[in-house]
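Below you'll find the structure I mean.
Read from first to last, the chains carry the letters A, B, C, D and E; within each, the first residue is number 1.
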Amino acid sequence: MIYIAMATGFLLILIGFYGALTNRNLLRMIVAFSIADTGVNLVIISVGYLPGRTAPILDTTVTAAAAATRIIDPVPQALVLTAIVIGVGITALMLAYALKLYEKKRTLDIAKFTELKW
Amino acid sequence: MVSAIYILIAALGAAFFLGFLKDGMRATAFAVTLAALVFMNFVSAGWLWSFAVDAAAPVEILTAGFSPPFAINLRMGLTEASLTLLVSLSGLLSALYLKDVLLALGRRSMAVLLIAVMALCGIILTRDTFNLFVFFELASIATAGLVLLSEDERALSAGFKYMIVAQAISVFLLIGIIFSYHATGTLNIDGMADASTELKTGASIAFFLMFIAVVAELKPFPANGWALDIYESAHPAFSAIFSAASGAAFLYAADKLLHIGGAAWFPLATGIGIITFVAANLLALPQSNDRRLLGYSSIAQTGLVLAVLGQQDILGDRYLFVAGGLLLAHSIAKAGLYWLSGLIAGRALPDWAALRSRPLLIFAFIVFIAMLSGLPPFPGFYAKWELARLLAGDGRIALLALILFGALLEAGYLFRWFGYILKREQPAQPVVCTPHKLAPVIAAVAAGWALGYLWGDLSGHANLLLTVPLLFALSFLLLEWLPAWIKNTLAIAGMLAFFVLTYAEYDPLRLIFAVIILIGGPVIFLASYHEHGRRLGFYPAAMLMFAGLALLIRTGDSFGFFAAWELLTVGSYFLILRGKHSEPHALSYIVFSLGGAFLILAGFALAAQGAAQYDLASLGLLTQPLAPWVFMLLAIGFMTKTAAIGLHIWLPGAHGEAETDVSPMVSGILLKAGLFGLFVLLMSMGKQQLYGIELTHVLLWIGALSALLGNLMAIFEEDAKRLLAYSSIGQMGYAVFGLALMNHLGWLMALMFVINHYIYKSMLFLSAGGVAKRTGTRDMYRMGGLITLMPLSFIATLIGIIAVSGVPPLSGFGGRWIFYNAILTSDARLPMVVLFFAGPIAFLYLFRLIHTVFLGQLKDEHRKLKEAPFWIILPQMIFVVLLLVFAVVPGLALRRVDIYLNQFFPEGGLNWAGTTISSNYGYWNPVAIMIAVAVIFGSLFAWLLFVNRKAQKVKQFNIVFAGERPYRPETTHFAWNFFAPYRKALGFMVQPFVTRFWEGLTNLLHVAADLSRRLYNGNGQSYAFHFIAFVVVVHFLWTGV
Amino acid sequence: MTGKSMIKRFLALLLLAGIGAMFASLLLAYVPDTDLNFTARYYAENTASDIGAANIVTAIIVTYRGLDTLGEVTVLFLASGIVGLVLSFGRKRDSTPRNLVPVGELLTTASQHLAPVIMLLGVYVFVNGHLTPGGGFQGGAIIASGMLLLLLSDPLKRFSHTLIATVESFSGIAYIALGLIGLVLAGGFLDSRILPNGILGELISAGAIPLIYSLIGLKVGAEFSSMLTSLSETEDL
Amino acid sequence: MSGLMTAMTAVLCIAMLVAALVAIRVLGDKSLPIAILAAGLVSLLASVLFLILASPDVAMTEAAIGGGLTTFLFFFVLARIRSWEKGESEYDGEKHD
Amino acid sequence: MEFDWMKIPYALLTLFIVVNYGFLLNALIQKIAARVGRRHGIPIWQNYVDILKNYGLRSSITHGAMFYLGPVFRLSGGVGLLLFVPAIYGSYMFSNLSFAGDLILALYFIFFGTLGMALGAGESGHPYAAIGVSRGLSQVTTSELPLALAVFSVALQYQTLSVTEIVAAQQGGILNWTLFTNPVAVAAAMLSFLGSMMRPPFDVVLAPQEIPIGPPTEYHSSYLALMQTNRALFPVAKIVIYMNLFFGGASDWPTFFLKVFLIYLWSAFVGVVFPRFRVEQSIRWFLIWAVPLGILSIILV
């Protein structure tokens, strides 16, 4: 199971990259990157997963004393939380840029924004 | 001590606090921003002080009250403190610089700036990989935001391109971090470093991904198109941060990762770094936009430091000294240059000519490019020296060669740019100079000098900024406001005083050089009295050159020698650049000279074999197989200065175009530095063989060919000063030949040439310069008949050419006589033949010089000319006297040296009995010759005077001209293409093959650069391609290797 | 599809095959841990006693790795600030009138009633962050979606930027202030143990975590709202 | 139990991959709004997967932020662009290939 | 060998003998050349007549100081060259001023007059003079080269630069002459000799037909007289060097006269046989034929 999830995560990253490399539309590139981000998150969570264990939340079934043998690794989860929020921040920023670029040139084609080169 | 966490807290708190302020309170917001930045600087500086001065131990800062790896910890140590100071200082200065923009855009922009600086500090301080990622993201988002401070609308697309790449980078970074975590069970950097056995193998993909992501932020070639676009379009103040602070922070992050990965990954860092360094410098060559050019240079420098990071295994405890020196020099210089670029209206490189209205800013520019090029006395110089020493000591020659090649390219385009500033037309728009924009530039200059002092102190060698000659030269910077004649007097007095004080310390050989430099220099300086006004820039440059020369002959170790060599190179470059049309020539001069200097550096480094101190005298202890290579590197290096054939193309232009009093300095004195180097080299190393070839024999050929071709080229030259310059190539060829003979008389002959060449070439250059000053041209065919108007200049030239040609009774003959005696013992017959051929050719150009200028038909427009100015004539007359004295009593200078040379060649010295000088083969009595010639000449002259006492001078056109009289001097003065038949017969020998070779090489580099930079097609998607391709290819190569 | 884009696709596939190979070897070499590594075990064993939070992830986020979270919040702050900057970048007053999509009565009414409830939900989520799944980020996002609803119902509605900015700044500064208090009173910057740990599982427990997480929630909500409003009302900037 | 979970995981994963391929126009040439929705779907499915992987916190966040907020952001921007272009369909660069 | 005052009258005596011999020799060679061309030629004393006439004339014009100095330089060069080389081997009387310097001094002093002449001619302001100088200097660079090589070859052969010692080494029979011990060097030197005698085929410098006598165009009266004197003196002085280096020198005056005459005749002989070269042709000729011989002589020693 964990390998499936991890493989899916990797594939999502590759799909995202492929989308970003082949779509010239700015918005589609951003969409592609958000898919890649999801893939990364999936991979991270898979790495923290221990088969047959539960979420790292203490309650009556998972007591503090038994936690070490019952819960999965909480660290990747904490990291993913951070990563997701950072991801949305960047996505928002890219969207704002795309909007502005569109306003300047009335196009979303990335190949049209090549005034700076060489 | 204030905890380092307050650096982060202050920035964040201020950024958040700005939200409370109403939009109208922008000035308050700006004040808050500055206050926060000042506080950050204060904290960093405080720590730096306690580490550097009180030698405190590094401090761990625990967050959340738990110890690592369970909570994030920060570390403050010496490196961190210096880097955070660098980052926050560049942030503060840029904020100051950005005052107008920030006030216009409001508090949000200030918050972004604060967070950018905070994030960079965070990258430096944190010891946790994931925390590093968070700060990375903060830094890159802030970068994307700060790009928008620019007025350039293209910045928008640049920011977007960056974010595309940043997204891809963060994917790799996260994957790398999580798998590294999986492998080690910790996110802490030190924890990973301790725990990782897997990551240290060099095969770990997890570490590779993490590392390559960090490296990608360092803009490695070719995945760096986005960075260039940012550099080109962003506000210069941001580019300053981006180049100086971001680069430093990301480099330190890479260093931390290397701490995890260990030595197995060092080659990867070095490989990427050095390729980036060379490629970026190459691609910078065809750049015309100033900021983009600086961007390329930034990328290159970052690559260099990355390469150094990968060399920490051999740098040992000098690692921080080297990497820090390079990094700080780059950061400060680049920040300064970007700040400067904000003062310039135009974006093309020649637009920087606007700086000419502000000498202070020109000085700032010089300081910055000197720092970037690693010239003394700045930190990059010391770092380069150490780096070369350690690399060569460990046999990493290829890397050293690449570094030096890249550095040469960089120096090339930087100095080309400087040439534009001084020589191109000033644009209409003036430099915008407001105090808040000027202050950062000046701060950068001050920081550069301060670090130069510090690095000199730490270098383990003599601190260059404490050497008397250099201080004396630099003091002229402060005296620039004085009129030229006062400065001239000071210069002369200073040099003479230095000679008097140090007189006792020279051995006879060095004494000759010392006299030429420290006495001969002031004689030429007499000519400088004719200049009026303040003559800005002349004295610091000239004194820098003389300081370098003085240091050169006094130093005993390789470091001091190399430092002096660079100083005199730079000083003379500035001097040469002063000439009216000398821009391209000064450039080729500095490029050849620095190329030569790098060879010398490599040679010394190779010779030292890692030793920190290396005496010049120890060169003699070297053995095969190293010795011949060292010999070759040093010899070629020195011969760039003597302008040996093949390396000579800079000389004619440089000497020809220089100012009247500069030409004799750079010709009569500067060229001797190369000869001095060869003396030192041959004295200690003697004969060396490489693959069975006697290297001194190769030198013989080079000397002979230089003599022949230099003379040949001189005879076809129409420009008087260039003619003299070509002649110098020939004369230096003789001297090199003499040295390479490796016998007593050969060396004596070389010394004879050193002395003679100084006297007569200085004299001839002054004479030609004086004439050119009066006539307004240097083309000889435009002159003619000046003998009556400028008799003293004529006499100087006459005596000069007799001396140069070697005709008795003047001193040139002495050189020739020693030459013939010297070669009698040598077996190298063929190069001798070449030299025999060269000899008579000298007559051709010498005659042409005196004939077409002083004899023949006077031109109408010259009829009212006066003699050259008194101060230009005076040294010439001194030289005339000197020549005559030296002709009669050469023993005055040579006798002591002759004895001194006995320790190297006990055989074959001269006998100095009475007035006769004799060798094993022949004899020569200068006094008798002089008397005999004078008596014969005098009596004939007297008789002719008596016979023709009533002769009257006839009118100019009273000549027998096929029954008619010409009335136009232009048609009657046979001058242009004077040796046409000679050209018909032997012109093929002066085809500019060498020039074409070097031009071809330059063009090749430019074309290659121009083609390859098309890689950066401006498309953000292509940049993403580049990045991913970079990762794949590097991985492929890395695992393949 | 032109030949050029075919080549591009092919190249992209080629490159991604390279990346894929790297990923594949990561995947193939991956062996799931059978036991928690020492870091995770420390958290599992000591969170309850150290911090007193039932949700270990929350404890890590707010306390152990609090600096990350501060950075994360800052990312959002930065992003929202830059979104505003971008949209005002190089602005010329060529205001194209916006096509207003007519908004249905139903949406307007529903959103006016729903929005407060949604926001309340958000508050619940972050206040209980230390006990149950969810916390400041999720709660913040929920608050922002309440704002979103209001925006949808009345696109021309002016949100008070000052209010958003004040909330943004207040929560940010308060967060830092709490962190500083931790530095002064407890073990270090962002140490949440400035208040008693209380009893595991109760609402008022886990030291300052509920307080901090609430501030984070407010802050995140304010940032998201600010971004949304910026993106929706550029013309007015 | 675990078999069921694995099967569910597999189904979810396949669904995610399909949605992702739709979003980047490999499967079908869908319009931009569909692509955005497909990407949102990937996030939503991922959040379910996170639940299965015992990460409720992440699941909530992914659903609220990745699936919800991000999608809304996209649509906001898209709407703004649509309102500018007034019928010209120039926003899709690909159409000019 | 040291200086003493008696050397001065002795040197003047040598000078006197050589000048007179030079006048006669010049005329004789000219006459021979004329006879070969089936002309009558000049009387043998013609040179005396010319010289006396020219010395007798008073010039009232000059083109300037350097114009004045040209002939002075020229004749000083000739006189100096003669005096720095011992004329008669083994004779104290006729060792001249050779104590002042060795072979190198003589070799370089050849240029003293050339340079001075060129300067004086330049001062005249006449373009033909300048053209002549241009040609002359161009030619001399290559025509002197074989001589220099040969001289050096000889110096290497005898391991000395002293003329006296070189002559001494050749004593004791004709087979000891350099001519036989180092024939290649002699061949090179004799080719070079042709170039320096200002006779066909290498006389384009003076160019008697196209340009009125090249560099000395503007010289007349006593200026010209000085130069005519030199023209008598200089070839003989030069031949003395050849004689000393290659042909065993002369230990008495009759041998001296004979050897000088024969050597001079060689150039006259070639001169009547060959037509004139242009300058670039003569440069190439020397480089192709004479210089390789010189190089060979150096390598073979």
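The definition used in the following text is that a contact is a pair of C-beta atoms (placed from the backbone, for glycine too) under 8 Å apart; a residue touches a chain by one contact, two chains touch by 3 or more.
Not measured: the values here are computed from a predicted model.
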Remark   = Closest to the centroid of all CA atoms, by its own CA mean, is chain B
Query = Rounded to the nearest whole Å, what is the centre-to-centre distance of chain A and chain B, using the mean of the C-alpha atoms as each centre?
reply = 50
Task = Give, as an integer number of Å, the spacing between the C-alpha centres of chain D and chain B.
result = 58
Ask   = How far is the middle of chain A from the middle of chain E, if each middle is the mean of its Cα atoms, in Å?
value = 99
Request  = Just give me the whole-number Å value for how far the CA centre of chain B lies from that of chain C.
outcome  = 53
Message = Going by the contact rule already set, what residues in chain D reach two or more other chains?
response = 56-57, 61, 65, 69, 73, 76-77, 80, 84, 97
Remark   = Multi-chain touching residues of chain C, meaning two or more other chains, are 5, 12, 15-16, 19, 23, 26, 30, 33, 37, 39-40, 43, 55, 57, 65, 68, 71-72, 75, 78-79, 82, 86, 89-90, 133, 137, 227, 231, 234
Query = What are the residues of chain E that contact at least two other chains?
reply = none
Remark   = Chains touch one another in the pairs A-B, A-C, A-D, B-C, B-E, C-D
Request  = Mind listing the chain A positions that touch chain B in their complex?
outcome  = 13, 17, 20-21, 24, 26, 29, 33, 36-37, 40, 43-44, 47, 75-76, 79, 82-83, 86, 89-90, 93-94, 97-98, 100-101, 104, 110-111, 113-118
In the complex, chain D residues that touch chain C = 56-57, 59-61, 64-65, 68-69, 72-73, 76-77, 79-80, 83-84, 86, 97
Remark   = Seen from chain A, its contact residues with chain D in the complex are 1-2, 4-5, 7-8, 11-12, 15-16, 18-19, 22-28, 30-32, 34-35, 37-38, 41-42, 45-46, 48-49, 51-55, 57, 72, 77, 80-81, 84-85, 87-88, 91-92, 95-96, 98-99, 102-103, 106-112
Key: Touching residues (chain side chain C, partner chain D) in the complex   = 1-2, 5, 55, 57-58, 96, 98-99, 101, 125, 133-135, 137-138, 141-142, 144-145, 148, 224, 227-228, 231-232, 234
Key: chain B residues within the chain C interface of the complex   = 3, 5, 9, 12-13, 15-20, 22, 61-66, 69-72, 105, 108-109, 111-112, 115, 118-119, 122, 126, 128, 130-131, 134-135, 137-138, 141-142, 144-145, 148, 151, 153, 156, 159, 175, 179, 182, 185-187, 205-206, 208-209, 1025, 1028-1029, 1031-1033, 1035-1036
